[in-house]
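Structure first, commentary second.
The chains carry the letters A, B, C and D, assigned in the order they are written, with residues numbered from 1 in each.
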Amino acid sequence: MNLKMLKEQVLVANLDLPRHELVTFTWGNVSGIDRERNLVVIKPSGVSYERMLLEDMVVLDLAGKQVEGALRPSSDTATHLVLYRAYPELGGVVHTHSTHATAWAQAGRPIPIFGTTQADYFHGEIPCSRLLTPGEVEEDYEGLTGHLIVETLKQTPILTMPGVLVANHGPFSWGKSAEDAVHNAVVLEEVARMAWLTGQINPAARPLPDYLLEKHYQRKHGKHAYYGQTKA
Amino acid sequence: MNLKMLKEQVLVANLDLPRHELVTFTWGNVSGIDRERNLVVIKPSGVSYERMLLEDMVVLDLAGKQVEGALRPSSDTATHLVLYRAYPELGGVVHTHSTHATAWAQAGRPIPIFGTTQADYFHGEIPCSRLLTPGEVEEDYEGLTGHLIVETLKQTPILTMPGVLVANHGPFSWGKSAEDAVHNAVVLEEVARMAWLTGQINPAARPLPDYLLEKHYQRKHGKHAYYGQTKA
Amino acid sequence: MNLKMLKEQVLVANLDLPRHELVTFTWGNVSGIDRERNLVVIKPSGVSYERMLLEDMVVLDLAGKQVEGALRPSSDTATHLVLYRAYPELGGVVHTHSTHATAWAQAGRPIPIFGTTQADYFHGEIPCSRLLTPGEVEEDYEGLTGHLIVETLKQTPILTMPGVLVANHGPFSWGKSAEDAVHNAVVLEEVARMAWLTGQINPAARPLPDYLLEKHYQRKHGKHAYYGQTKA
Amino acid sequence: MNLKMLKEQVLVANLDLPRHELVTFTWGNVSGIDRERNLVVIKPSGVSYERMLLEDMVVLDLAGKQVEGALRPSSDTATHLVLYRAYPELGGVVHTHSTHATAWAQAGRPIPIFGTTQADYFHGEIPCSRLLTPGEVEEDYEGLTGHLIVETLKQTPILTMPGVLVANHGPFSWGKSAEDAVHNAVVLEEVARMAWLTGQINPAARPLPDYLLEKHYQRKHGKHAYYGQTKA
C-alpha cells in the first residue's frame, strides 16, 4: 500500500464518521498508519467534513514531525501517535464525541458487558480512565492522554479491547486499519446505548457470564472462528 | 412457490432489516422455508447488506445439510432450523440485535404488555429465556438456543406469540413468511421501546387487563376479526 | 369545499403521518368532515400508506353508514364519529400510536404542562382517560372509546385541548381540519417526549404557573393574539 | 457587509434550524445584526421554513421600529433586541424549542459541565433563569425575557457563555454572527442530550474539574489556541 492509498482510506474513514452519525460538526478524527514507512495520516484540525479533500490529509512521522500537508493536524494527534508507538498491531485510530459513549465517559463509568453484542467485539467490559492530574494536563495534555489510555488498558491485548473511554471526555477506538477503527467506533456507540437502556430497564442487570463471553468472542475471533466468510 | 421465489423473498426480507433500522452492520438474519420440499433459505454469514445478492442466499435442508450456495450460512442457522422443526406453522424466522429489544434481553426481563399496541400482535407479555448453562453452550450453542426458545414459549401457540427474548443476547421473531417475520421484528422493537418509556414515566405502570388484551388481539386475529381488508 | 377536495385533504393528512414519523406500518388514521353534508372521509383499515390512493378513502354519514368507497373503513371509525357528533367545531380527527404519547397513555398518566411549548397549543395538562370496563368493551368498544374521550375532557372547550390520551392505548387529537388535527398530533408527540425527559432530569419539576400558561396560550389563540401572520 | 447580504445570512441561518433538527414546525427564530447601521434582520412570525423567502425577512432598528418587510416579525423579537443592546459583541441570536435543551429548561436546572464537549464551547455550566413574575409577564413579556437573560448571565463575558435556558420555556443562544449563533444552538442541544444521559447513567456524576475546563476552553478560544486552522 502506498501513501496515496492510505490517504484515501483515511479520508473515506473520516467521511464515514458523519455517515454513521458519530460526530457533530468537526468533533472527531481518524488516522491510519503505514507501518513500513512509519508514516501516519490524519485529518486536519477543525475542517468541515463536507469540504474535506484528499490533499487536506496531514502526514506525520511517529515522532510527530509533519512531512506532508499544508494544514495543521488534528489537535488530538499526539494521542494517536502514542497509541501507534505503544501498539504495533494498530493500523487505525479514531476519536469521536459520539453521544452515548461520551455520556458513559462523562459518567466516569466503564461499560458493563451486558450481552453478546458487546462480546462479539470486546473481550469484556470497556474500561474508563481516571482523570489526568493538573500537572499532567499542563505538561503535555494530548500526549499524556495517550499514555493514560495505555495505563487504563493495562496488559490487555490491544485488538481484544478495541476501544476505551477517557473520563469526562469521550471514546477512543482502534483497529487493524482506519476502516476497522471506525467500524469499532460504531460498535462502541451502539453498545454504549444498549448498556444505558439495560441499566434503565433493570438497575440490577448482571453482566454476561464468562463462558458466554468466551463463546461469542471466540466464535468470531478465535482460532476456530466460524462467523463470516473469510476466516478458516 | 418455487425455490427462486423463496430466495427472492428472503433476500428482500433481509434487506428490509436495515431499511427498518433494526440492524447495525451485519447483525441480523432472516430465513424462510419451503414446506413442500422442506428447504430453508437463509442469509450468508457476515455479508454486508449493501452487497448482498440473490445468489448469496444459502439453501439447506431441515437437518442442516447445505444444498445450494457457495457461502457459509448465518452462524445462527441451527437456531432457525430447530424452530422450523418444532413449529410447522412457521414460514419465516428473524434474529436481530435491535436496540430496545436487545436492552430488554440484556436486562433479563420479559416485556410487560402495557398497551393495545402490543396486544394487536402479541397475546400477552413477551417472555425472556433463562441463560444456557456452560454445558449447553459447549455442547451445541446455536442448536440449544433454538430449544431454549421452545422451552421458554412453553405451550403457547406459536403464531400468537411471534417473538421472544433470549437472555443477554437479543430478540428472535417469526411469522407465516419471511416478510411477516420481519414485520413482527419491527413491532417487537417498537413495543420494547414503548415499554421502556412507560416504565420510566410510571415505574408502577400496570399491564393491560385481560379483557382489553383479548379484545384487541381478537379484533385483529380472531374468528370475527374486523381489522384490515383481507379477513372475513 | 366539495367531497373530492375533502378526500384529497384526508389522503394528504394520512400520508403526513409517516412523514412526521408518527406511525409504524398502518397504526394510525385521519378523518375529516364536510359539515354541510355531514359526511366523514376516513382512511381504510389496514392499508399501507405507501399504496394508499384517493379512491381508497371511505365516505360515511355521521351515523356510520358507508356511502362511498369499496374498502372497509378504519376499525376506529366509530370513535371518530362520536367525536364529530359531540363537537360541532371539529373538522378533523387523528389517532396514532406515536411512541412517546403512547408511553404516557400506557403509563396511565396525564402529560403535565411543564413548559410554554405545550401552552402554545394546549390550555393545560393533557388528560388521560380511565380504562373502559369489561361491559363497555363488550357492548361497543370503539363507540364507547369516543364517549370515554368526551367524559375525560369534561367541559373543556374542545379546541383549547386538541388531544387526549386513552389509557393503555394511545393518543387521539383533532383540529379545525384534517391537516390541523395532524399538526396537533405532531405537537402532542413532541410535548410528550419533552415531558418525559423533563421528569427524568428533575422528578420534582413543577408545572408552568397559570399566568405563564395564559400568556402563551392567549398570545397565540386569544382575542389579541400576536403570533403568526393571519390573526388580527 | 450590506443589508442584502445580512438578509441572506439570516435566511440561511433560519433554514439551518430544521436541517439540524432543532425545530418542529415554526418553533424557532434567528436574527442577525448590522452593527454599522444598527439594523436587525429577523424571521417573520409563524411562517413555514419550507416556504420562507428572502423578501420575508423583517428589518428593524434597535428600538424595534420596523424599517423593511411586509410581514410581522417573530413574536420573540423584543427579546433579541434587548440582547443586541446589552451586548455589543453579539452578531446573531437564536431561539429554539430544541428537545433536550427545552427539557432542561422545563426541569428548571442548569446544565452541569460534565465533559470536554461542553468545555470546548461553554466556559462552565449553562445557567437556567428564574421565572418571570406575573407583573413582569403583564408589563412586557418578551422584552423582560431579554432582561431576564442578562440578569441570569450576571457578569459573564457574553461570548464565553453562548447560550442560556429560560425556565419552563427553552434555550436562547448567540454568537458572532447568525451562523455562529445557530452553530452554538446545535452544540447546546447536543450537550443537553449528553448531560441528561450522563445523569441517567450516574446520578452522582461530577462536573469536569476547573483545570480541564480551562484547558479545553483555552485550547480552542484562548490566546494560544491551537484548535482549527484560522487562529494564530
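By definition in this document, a residue touches a chain if its C-beta (ideal position, glycine included) is under 8 Å from a C-beta of that chain, and two chains touch if they have at least 3 such contacts.
In this text, all values refer to a predicted model and were calculated from it rather than measured experimentally.
Engineer: Hey, how far apart are chain A and chain C in touch steps, shortest way?
Structural biologist: 2
Engineer: Compute the rotation angle for the C-alpha superposition of chain C onto chain D, expressed as a multiple of 5 degrees.
Structural biologist: 90
Engineer: Mind checking chain A against chain D and telling me if their interface is mostly the same residue numbers on each side, over half, or mostly different?
Structural biologist: different
Engineer: Using Cα averages as centroids, what's the distance between chain A and chain B in whole Å?
Structural biologist: 33
Engineer: Please set out, as single numbers or ranges, the residues of chain B touching at least two other chains.
Structural biologist: Residues 200.
Engineer: Which chain pairs here would you call touching?
Structural biologist: By the stated definition, chains touch in these pairs: A-B, A-D, B-C, C-D.
Engineer: Once bound in the complex, which stretches of chain C touch chain B?
Structural biologist: Answer in residue numbers: 24-25, 27, 44-47, 71-72, 75, 97, 99-100, 102-109, 131-132, 134, 137-138, 141, 168-170, 196, 199-200.
Engineer: Can you tell me which positions in chain C touch chain D when the two form their complex?
Structural biologist: Those in contact with chain D are residues 114-117, 183, 186-187, 190, 193-195, 197-198, 200-202, 205-206, 208-209, 211-212, 215, 219, 226-230.
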